[in-house]
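See structure below.
Chain naming follows the written order as A, B, C and D, and within any one chain the residues start at number 1.
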């Protein structure tokens, strides 16, 4: 498939997200990966290529992938190794965009609460930045999935945790980072900002 | 009412404030809200719309509101849910601008000192950046108001605390963030910088 | 006196320093002040005006002052209240530029070591960024002066401490911030960066 | 030798790296130094001059040096005093670029683990940003070399540690900072970002 105006638009928005996250230190090295849904039935995905620096992306770096993560861009390329995790989130939540970041604080908390298989955040006004949350009294449970280099096994874990915790807006992978999503790229970016803020607050208090 | 040059000027200044605060991580997600007084008797207010990203605002995003927080902009729109708090501050202090931020450190301290219903800052030269303060020996009391999703009740609490603490330059809402104000937008922005500096110093020492 | 090319050059360099320090959070509010020597015998000084935001300065905001801190700019204006401290440093050290910053860490350390009337930094390679220091084994003593709103008394203290500690490259004022200097503005800025780095390292370790 | 297009290209890339590292506070003062290999047999090196500010570099500030660190630029100049360390890394690892940074956290950890002569990092997904590392279960050993102003002795220590730890991607010098490298400047920059992230995570947890 050749890039459509919608692909170009989403890729360009994701590239801007990458620049902002890089400046905040949330996607250092080549860490992090981003995707957005171009179309459903069949699913068409705009996704970051593997091993790219997230602060330098341009729209033309992004790839076209199908519902099984196979690249459909005419020039080929290899999508992020974690594409199956993006697909699980999209299938389970009907997300329009999935963003994965590696911040200092999400990494620290993903280890500190690893044995509890998750952490709860409660009592903060900032929680209202999460989709559908209307009060600071909301209790957000962020499950922690065990990291695994076998991406199929990791995707299986993610699938299970998304099914087991249908109200969660995000999950952590231990020693690895944060996944969150939203109906649009802007919603998903807001979720990253909200959750990174809350995790840093929890980590420092 | 149609935008006047004064509205445009204030909205444009507040948009610049938003960009600077966003860069420092003080208004992540869609947190924070800003207002400035266009005219008094009757009160006319320039205020941020609800749920906006504060780093991306342009002057045309701002709304015209009256003394009861009703929108008077020809295109309508919904002002920040916390407009009643801005109005309490303006009424109690004669402020020309009100700025509300959500930083990591103000959030942490708003919880750490919650049971004391406030915190005192004393002995810092930076205190002289607060309006009318001429010495580091000044003792600034920052009241902490209990967060409440019932905005009328929260506004009532704010009204009471502003009356009870007539010398305070700011207040915190527990688990929520900082409110401060000034005669002009520049004064209010200076107050945010001064208070965020002092709260971070207190939090880290 | 009317602005000369040399005044313009120094003022413009100091304005750039202000922007960089503001971005790093070292001169929030209207804190901090900067000066550079235009000429000696008689002394002519380019100095920040009182109460200015240091991130927004342009060359035309700076003032011309004489050896007693009196403004000689045709349009008048009021120099930083701490001008007498700048003059003491220039007289005692023959400095060409004096920079005063208010960072979180210098404030915290100025209180933590207040009873010791100073703090020692030793064993860091970064010390070699200080003028004349050739080894990390150098022991830098940073005296701490008690803050005082009586600027003449504070200047007297500074004069005494500069005489008592002729090898020191800087001093702290308790609860207030850092003063350092250099032969040129670039040297003084390097000293600020080196010392802020070392104070933060000391504060966090 | 006069600058070649390849020299210009490498110098320009290293200048960009300097700007990015300066913004993150990793090369404050005049700390840090960078090099890239122009040619091998005989070795030609593009290297930072001594005592330069790393945030302000332009391509024309860089120097041409030979395999013994002697400057070959027509206008002369003095390369970084630590050029012999760059040469040891290039010889031992066949690196195409060597980057040395001075961050707060690498400095703190270089002292905290000094008696252990190194520190281990294990269990983090971010480790996969290091060349040839395919799993978070990788254990990266970062040796710590004792700082020494005798650059020949320091280079000797570095040579020994590189031989003793052939799998290490970096080393620290106590109270001084981080050295890492890569086949290209981009690889070396990725290593700096990955290692600074991991060291800060270790330092804060």
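The rule we apply is simple: a contact is a pair of C-beta atoms (placed from the backbone, for glycine too) under 8 Å apart; a residue touches a chain by one contact, two chains touch by 3 or more.
Here the structure is a predicted model, which means the values were calculated and not measured.
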Every chain in contact with both chain B and chain C is listed here as none
Fit chain A onto chain D over the CA trace and report the rotation angle, somewhere between 0 and 180 degrees, nearest 5.
-> 90
Chain A-chain B contact: same residues or different, taking over half shared as same?
-> different
Taking each chain's centre as the mean position of its Cα atoms, how many Å separate chain A from chain B?
-> 32
Inter-chain centre distance, chain A versus chain C - centres from mean C-alpha coordinates, in Å = 45
Note the residues in chain D that touch 2 or more other chains, in rising order.
-> none
Could you please specify the touching residues of chain B with respect to chain A in the complex?
-> 25, 28-31, 53, 102, 104, 107-108, 111-112, 147, 149, 173, 175-177, 203
Touching chain B in the complex: which residues of chain A?
-> 24, 123-126, 129, 134-137, 186, 190, 193-194, 196-197, 200-201, 204-205
